[in-house]
Amino acid sequence: MEILDSIFLNTKKIFLDLLGCWLPDWMILLVNIGIIIGVIAVLGPVIMMYLTLLERKIIGRMQNRIGPNRVGIFGILQPIADGIKMFTKEDIIPQNADKIVHFLAPVLMVIPALLAFAVLPFGRGMIPVNLNVGLLFFIAVSSTSTICVFMASWASRNKFSILGGMRSAAQMISYEIPMVLSVVPVILSAESLSTYAIVEAQARWSGLHWFVFTPWGLLAFIIFFLCGVAECNRSPFDLPEAESEIVAGFHTEYSGMKFALFYMAEYMNTFTVSALAATLFLGGWEGPVLPSWLWFFIKTHALIFVMFWFRGTLPRFRVDQLMGLAWKLFLPLTLINIFVAGGYHLISDRNFRVAGASAVLLVSFLLFTVFLNRKYMPEKRRYDLVD
Amino acid sequence: MFFGLGVLRGLMVTLKNFVTSYFMPPDRGGLFTVEYPEKRLPVIERFRNFPFLVYDKDPENPRCVACEICANECPTKCIYIEKDTDPNKKPLRRPAIFDIDITVCMNCGICEEVCPFDSIYMDHPFEVASSDRLEKLLFHKNDLLKSNDYFHKIRPTHAAAIDARRRAVEEKKKSAAVKPSETGQPPKAQNGGKP
Amino acid sequence: MNIAEVKSYIEKTLPGTKLTIVRDSLLIENPADLPRVAGLLKESDTYRVDYLASITGADYLQYLECVYHLFSMERKIGPVILRARTNRENPSVPSLVPIYRGAEYQEREIFDLFGIFFDGHPDLRRILMWEGLNASPMRKDYQQEDREKLSAEDIRWLDEHGVSVPPEFRESQQG
Amino acid sequence: MELLNLAGIAGVYTLMLVILIAAVAMVTLRSLFHSALALAAVLIGIAGIYLTLQADFLAMIQILIYVGAVMTLIIFAVMLTEHLSHQTVRQNNRQSPLAIAGICAFLFCLTGVIVRTPWPLQPQNQTATITAMELGKAFMGQYVFAFELISVFLIAALIGAIVIARKDK
Amino acid sequence: MPKSYTVQNTDLLDTQTLEVNFGPQHPSTHGVFRMFVELDGEVIVTLKPVMGYLHRNHEQIAENLTYLGIMPYTDRLDYFNAMTNNLGYAMAVEKLAGITVPERAQYIRVIVSEFTRLINHLSLVGFLLNDLGAFFTPILYAFREREKILDVFEEISGSRMMCNYLRFGGVKCDLSPAVLETMKKITRNFPKFLDEFEALLSKNEILCMRCQNVGVLPKELAVNSSITGPVLRASGINYDIRKVDRYSLYDRFRFRVPLGRKGDTYDRYYVRVLEMRESVKILEQALQDIPVGEILNPKTAPFAKAPRNFKPPVGEDYGRIESPKGELGYYVVSDGTPQPWRYHIRAPSFINLTILEDICLGHKVADAIIILGSLDIVLGEVDR
């Protein structure tokens, strides 16, 4: 199993040794970095292409229909067909749009999406850059995409995109805070910001050792995942590009390759957020039998399936409910969760701390859903059937 | 009670459909897509699309006698008929021109009901798309004429009932012809009621 | 609840109105007191006619007519049918919108298709046809203009651009 | 290996050049929105400089706080106020000669200071690279009073903002 | 007069209102329907519906056709439920001409119109969820059930949506035993499907959040604006023409009418789900005891062959039925000739739109789309 586990590392080592005989050693360093960059630069778009196909297939199956199967055997070549379509489509720039910013917005949108790949621990020893502030890097990079949304909506100069831009910026900011705070308990218990160290921390623990099996870990996981869905503007929170209201939100005026770039950024964000959620709470590449990188991909794709599942089922929130959920429910819960996680680590007796933590969290959840946010609760409705 | 419960129950429904779509039959949650060009749904017998003219033995003399009842009764006025004339200008009981403008016809089936001579019926093929809108979608007589056994092929029970009724009328006429009828007035073609 | 009973009830409470019975419906001679009759029927507790089902315009060549079908949702009693007739030159009928809000769109439709003015209607404008049309399509004497014929300015534009317009397309529209 | 060092130094200088250009662009660009974007470029450049000095925690915080939050706030304000008609405001006005004089004076003093300092400086107590762990301990240990004071100010500012926002309810 | 919504923020920030056209080609207006909306930020200040894009002067076409020729045109009024349009028109002319309908034909008519009610409510709920953002899943589940019913319609009438199935005095063709069997099977599995559909939707927190207390229609405004159908009953007024007029055989079946209490979008949605359950009850009873017999009144049989000599006596008549969208009325004036003198349709969708502005004021843009969806309008019927 060891060979299969570090198969990629060995191939790279063999390749570098082969090159080593006639290249100076500092050149080898550059080639090493070049390989890593090349892998990410290829991995990102390919993942994006096959996520679009996966999404259409999964949602198709949920609706008892087949999903794309015309291009290639099971629709394998469908992403390539979409890519070609996006290339050949005419790239329209609105007449009084601001040319430079209109062009820059999609380009700058893809950069943070690609940068986020740098800190994801794909397998044992297979982490592109082992920053010791990896997690903070991820959050900082994903927060810069708000500016690109602004640029896109402001440059297209039409009412719908301005509305969409404002909404999505407000949504991204208000969901960033609970997302950051829900990660604090994980840092607290792993005592390090580096994603690699966090995965090792989860391996070190005794018994069921992933953070998701601790009470505060479960709540933090749910909130982190939901905020991740909101960050990528996906299903229940996909207000900015709500077709039924404002035609296509901030990327109304984009077509052709620029629209494909927005699309690519969204799907890469989906992948990176699910990958990070898997790393922080589901033990990253930690797994009994299979090789480490396979575990990483299984967990990530499980979470991606959940995201597509949301898209296939749930209706959309309205603007004020969306904001209300972030500020009035997620934020207080994450703060309480940090206290509980702190207390959890101080108490040594195992089952008392689990019971205590889960009791406190349950009470606070009910407090915030049933008592304080009475307005958002569904009302009991009675209907009388008369002759 | 619990905030997220309704959403979870909804998710379970879609998950059930996702799982059953792999092995269940179409009407119990399985895949009900029919991949159109390769596999097709069976055409239902009473399905009515654009009309066609029936002829018994040869396309030269169809059942239609150019009485223009269907042209008058058609709500969208999409039928145009011109009587045929023999060499010395005596009108014959046969249509020279029988055009149906497919783009105007809304396949309502009224011409089929009002035709006293069982000569026009609604056809089944629906793939009549063509590149030219004016010329190709104006069906002339020879595009419309189809044999009686074609009629039997696409609408077996209905065609059988029509033929039974026509044979009954034939016998009655023959028996009436054998016994010289007093009034000498040929029995009026008995209009066929619907089965 | 036959129409004669309703007629006597209205004449008893509103002495000034002239009513005649036309085929189980009540014709109101002069349309001016239509709102009064409708208001009376709505408030009266014997009939409580609170639901205006439909208003229909009709063109009877000598006069234009509006037929009102009224029902009572509370007492679930059948249609009370009122009629109001106006001449064809400048047809006008008092609007029922202050009494029944439901009449708003139906009166606008009748104005659009028949050209009957409803005075007292909050915003009387065409609802189905485009504003430019100055004809009433549902009248019996409506002649749809012949689209084959080109209008004057089209021909002028074509002439300027050196296109010779054949005579049958020459503008011969009437009105 | 010296090639790598050279490349590193060249990289740092180009980074500084980019920051300078972005800063000048920020001041001179006609449209408000473009200058806001130039400001964002400047801030990211500064984070880059932190990275070259191995203060990666600080760089990440810089991006998170400034580019993520402060820039978004500025752009929100710009978009809310600037009408769709997009008039561009003229940058230089009558007082520009006075401003140039001020800048030259400032530059003069700066070069004076730079020339007098003995290069290369030897950092006195260059401890190990400062990691997030020590920073956290310092916050909670030595500088806990300052830390608490700042958080009180932030809370006050937050509550103040909410009160102003609710004024028209 | 619709109460106007005053712009509240009076401080120095002079925000102008944003005029937006939810134009004829908007992804979620059901057909060619335009709403001119004035927005103050997100909130709607004024909303003016603009219609007429699909107007084809159906009533004037009918004046130049025979009574039978009009029947296929009535399919195209509310193209979702062709059968109930036919039923309304057929009953109006039968009342005018004094034609009785045999027993079996009455049963077939009830079965067919209850199936149409199922189709209509299914599609409405599907489209409403589609406007809410659920990515096509509810509508595809609804359309899966609708396909089964449409196949039955094709079996009996020859066409799935444009059925042209009813004739004056009965129906065009008879139901074969096989068709009756499939109908029974559909009605047997329908409650099971409805439970699954409700599990997906009714208790969904997001749906409740988005639909409850949105677009509340008070009782007296509903009656005064002559609103009919599920929209009226969702506001709590017990007025179902099947119970009021007891037309055709509806007094023979035991079924109840669901009434809402608050009259908001959620009530309009749930009243339709309950109505679907009642329709299934009617269908079970009707399919149970459908008698054997002729399906066309022998007196009117010859008119099928020669529609020209079907001349109802001089007079006028207003026949109305409970179509899935509300009270569908046909006012037919005959002058003894085979062509009607005046033919007017009281379209429920057209009149239900009068209150669209009243219930949308003060709500957000996203709510206006859902409120329009819950009113269930079909443009073929609105513009006629």
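Just a few scattered comments:
Per-chain numbering from 1; labels A, B, C, D and E assigned in written order.
The rule is short, and it goes like this: a contact is a pair of C-beta atoms (placed from the backbone, for glycine too) under 8 Å apart; a residue touches a chain by one contact, two chains touch by 3 or more.
Nothing here was measured: the structure is a model prediction, and the numbers come from that model.
Counting steps between touching chains, the shortest path from subunit A to subunit D takes 1.
Taking the mean of C-alpha positions as each chain's centre, the chain lying farthest from the centre of subunit D is B. When every chain is reduced to the mean of its CA atoms, the largest separation from subunit A belongs to C.
Nearest to the global CA centroid, when each chain is reduced to the mean of its CA atoms, is chain E. The pair with more inter-chain C-beta contacts, choosing from A-E and B-E, is A-E.
Distance between chain centres (mean CA atoms), subunit B to subunit C: 42 Å.
One finds 25 Å separating the Cα centroids of subunit C and subunit E. In this assembly, the C-alpha centroid of subunit B lies 79 Å from the C-alpha centroid of subunit D.
For the pair subunit D and subunit E, the distance between mean C-alpha positions equals 63 Å. Looking at subunit C, one finds that none of its residues touch two or more other chains.
Residues of subunit A in contact with two or more other chains: 62-65, 159, 312-314, 377-378. Looking at subunit E, one finds that residues 137, 141, 144, 200, 203-208 touch two or more other chains. Contact residues of subunit E toward subunit B in the complex are 65-66, 68-73, 137, 141, 144, 147-148, 151, 154-159, 162, 164, 172-173, 189, 196, 199-208, 296, 301-302, 304-308. Contact residues of subunit A toward subunit E in the complex are 59, 62-65, 159, 235-236, 238, 242-247, 311-321, 376-379, 381-387. On the side of subunit D, the complex with subunit A involves touching residues 1, 3-4, 31, 33-34, 37, 40, 44, 56-57, 60-61, 63-64, 67-69, 71-72, 75-76, 79, 84, 86, 131-133.
Within the complex formed with subunit E, the residues of subunit C that make contact are 23, 50-54, 56-59, 67, 69, 73, 76, 79, 81, 100-106, 109, 113, 122, 126-130, 137-138.
Those residues of subunit E lying in contact with subunit A across their complex are 18, 20, 26-28, 42, 129-137, 140-141, 144, 200, 203-210, 212, 238, 243, 256-262, 266-267, 270-271, 274, 278, 364-367, 369.
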